[in-house]
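Each of the next two complexes has subunit A plus one other chain: subunit B in the first, subunit C in the second.
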Partner chain A sequence: MPVKAIARTSISRNGVGAFVSPCYKISVNYCNWGGSSTGLRELLNAGKIDKIAQEKSNIIFEVIKRTGHPSLKFHYNNDVVQDINIANLKAHEIVNKLDEYSQRSGNDLFKFNHRVLSINDSVRGVWSPLHTPKTHRHKI
Partner chain B sequence: MFRNSLSVRSITSINNIITTNAYRSLATASIQSNITSDLTPLKINSNGSRDLYAIFKLHNIPYLVTKGDKVYLPFKLKNAKVGDSLKLNNVTTLGSPEYTFKVDQGINNELYELKASVVEITKEPYYEVYRKKQRCRRLKTFPVEPFQTVLMINELKLT
Partner chain C sequence: MLRRSMIVKDLARVSRLRGLMSIPQPRHYSQPSKAVNQQINLQHYENLNQSTSSFQAKYDNIQDYGSYKHNVFTHRLPESTASQSPPLVALHSRLNLSSQYSLSTLSQALNLNKFDDGLANNYGLNILGKNLLSYYVSEYLLVKYPRLPMPIHNVAVDSLMGSKALYQIGKIWGIEVDKSSKLDKYLSQESEFLKYGKLRYLTEERLDNNEAESGVYELSSEEITNLKSNNNTASSSSFISDEVEAYGSAVRAIIGGLYTHQGEEITKQFIQDHILSRKLLLENMFEFSQPTRELVRLCDKLNFQDPIDIRLIAETGRLSSHAIYVVGVFCGVEKLGEGVGSSMNEAKTRAVVNALMSYYLYSPIDNEGNEVKVPSDKDYKYLDGIVGLGDVAI
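For the complex of A and B:
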């Protein structure tokens, strides 16, 4: 009988080979009149948003003028769009929000109570009393 | 399969352990070559680094990883951005199903390659901690939303 290879589908894991940033687009909504978007207008006038966009070259930045409170919309690879309200925030707080949310993956936040998350088979195997030689077996 | 996990203090004593195993032919070969830092048995046994694990230390906390694992760090790694690739150089243990090579002070960096990429910097879900002070009827509320850094193990191999 010929030896058959075990079929295995490769698992795509972002970051094992190449890394693609999960956040691909940020739309910045501001109002030209309202007082709640003074912080954002400050950033836009100083050209800081341009600078941030140049630093994060793998993310598309979209600046939209719209009435109402200002907001940041983060578009992620997993079809998640997070709308962050930045009304009445100062310029540096908005920059912090941009940094923080652009480094997320768009998944729900969760507390992981272990150190390592692995989907590989255990290297050291599962211990079994029946798979050890008789001389090495645990005797009661 | 007969699996025994043995911890070895230094590279030289790995040869002694091989002789106790069933792999006597391998052992004689490595004794003849007489190389002190010979990890060839581990290399052969690791199945092209598929059956290879490493324990690295970060802030003195050990993490047992294989290639393609995610490491969840309950803090924001300093000076690291998403997409950065890190070279982890404090590895205390390298192991395969049959052999374990352990040096508590850290294995020589030339013997292995362990890389990780920063995949995500997020936060843990928001929760509140309540504290009660003596002789005060009110509870103090503290918002907690700690940072979380996720590393993906890029590369793990013996060189």
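For the complex of A and C:
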């Protein structure tokens, strides 16, 4: 056998061909009695959650009645579930939270202080000191 | 009172179902006389008369073949029921499918169970999708990398449309597995529509033996045989679990469904967007055993007149602990490859491998510098260099 093959799975590049939003499911937990759910109950009564669910048709919405503080659970396709506490938040703040977290990738946020983040090789290549003419080469 | 009676009634129904599920497996007796053995088998099959076999065949007498009747009638999910399933509607929207693609087909693509609730399964769609995928994927690879050696080509096809890749794609699409049994569904008052949008591959029997601990589960008989055959031949890393296989099947079936509803053009676009857009790690797939010898054989085959020679291009720090050598592989005045290493030998090997890779990973372009069209494109023109010359043998 001249060449042997090593099996490698290809890497997904979301957005290069098709884009599929990483958040696929949101569970909305509310309490019918507690004061901390007032904002969320307002949204539910006004039918705003229905409207949001229709706009974000690519996300499954699940509304659960449960005692305790209200929360939003975001399920992402990298098996991450983020539980966001929305106790005592006003209606518009909850809508903001929904918008913000439904657009996330599910990965942890990190400080990015490099020029480029890429899985591709450099197009230009790496500079080499040894590829200059001999007369111009740096000598130690 | 009424509610309790309902529960009791339904529990009775569930237990009856469980009774049906726990079919006694045919036992292998340690060879008594043949007649006895046959008798036992007959008894076993007569038990099956209570419509418990997978085909649910009924008969008056086992030896009277004329009396055999199959009474499994599969049907498709009505569109009105399918449209009430939130995961199904969300999946349809996530994949940007047009309204021509019916939700009932999508639900069928997610059903792998043979005889569950009489709903049609994805067997046919899966085969259709598999053939479409292998056509477009191999066409893409053969035209884009015409000189890829056969083993690398096979692994590259697997890397794009193997079960593991399709499993990842299914996960990205947000497909969930239906992991609750009928009893669990009843007790948690889960809406019956939810399951139509989930991946159904676990039989009721396996659903009942819920995971004791998350991540720990009992292997099915197919998985055990798969694992055993893997242990005998190659590394166990090639083991593919039922879940991975099921995701792959669902993704293929969804592609098959797209073809049946919207035709070839749309399916091709879908495959390009979701599968061919993934990054192929071709450079990491090569494993050379004797690279220098292979390069010499390759140059022989290509009728290069001059012999291969390896020359030192530059070096630094020969007497230090961190020497660097730059070595080139030449054929006459043509440089075929170049490598950098901390010893002459390493640099030489890298240079030879680099030369081989630049031959194997050649990708043709047309006169305007664009990527070459594949035969299924509209105005495809045959170009030289699209058909490879075949592999070399050492």
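We adopt the following convention: the second predicted complex is superposed on the first by the 117 of 140 C-alpha atoms of A that agree within 3 Å, B and C clash if a C-alpha of one lies under 4 Å from a C-alpha of the other, contacts with A are read in each partner's own complex, and residues count from 1 in each chain.
To be clear about the criterion, a contact is a pair of C-beta atoms (placed from the backbone, for glycine too) under 8 Å apart; a residue touches a chain by one contact, two chains touch by 3 or more.
As the structure is a prediction and not an experimental result, all values here were calculated from the model.
By the touch definition at the top of the document, which applies to A:Ala5: first (subunit B), second (subunit C), both, or neither?
second
With both complexes superposed on chain A, which partner does A:Lys25 reach: first (subunit B), second (subunit C), both or neither?
second
Quick one: classify A:Ser57 as touching subunit B (first), subunit C (second), both or neither.
So A:Ser57 only meets subunit C here.
Return first, second, both or neither, reflecting whether A:Asn14 touches subunit B, subunit C, both chains, or no partner chain.
both
By the touch definition at the top of the document, which applies to A:Phe110: first (subunit B), second (subunit C), both, or neither?
first
Let me test your reading of the model: by the given contact rule, A:Asn77 touches which partner, first (subunit B), second (subunit C), both or neither?
Only subunit C; A:Asn77 stays clear of subunit B.
Return first, second, both or neither, reflecting whether A:Val123 touches subunit B, subunit C, both chains, or no partner chain.
first
Where on subunit A do the contacts with subunit B and the contacts with subunit C coincide?
Residues 11, 13-14, 16, 21-22, 119-120, 131, which sit in both footprints.
Note which residues of subunit B are touching subunit A in the complex, please.
1-3, 5, 51-53, 61, 63-72, 81-83, 95-97, 117, 119-126, 148, 150, 152-154
Under the definition above, what is the set of subunit A residues touching subunit B in their complex?
11, 13-16, 19, 21-22, 100, 102-105, 109-112, 114-120, 123-125, 127, 131-133, 136
Can you name the residues of subunit C that touch subunit A in the complex?
For subunit C paired with subunit A, touching residues are 86-87, 89-90, 93-96, 149, 151-152, 154-155, 158-160, 162, 164-165, 168-169, 171-174, 176, 238, 270, 272-274, 276-281, 284-290, 294, 297, 313-317, 324, 326, 340, 360, 391-394.
Touching residues of subunit A toward subunit C in the complex: what are they?
1-14, 16-18, 20-22, 24-25, 57-62, 77-79, 119-120, 128, 130-131, 134, 137, 140
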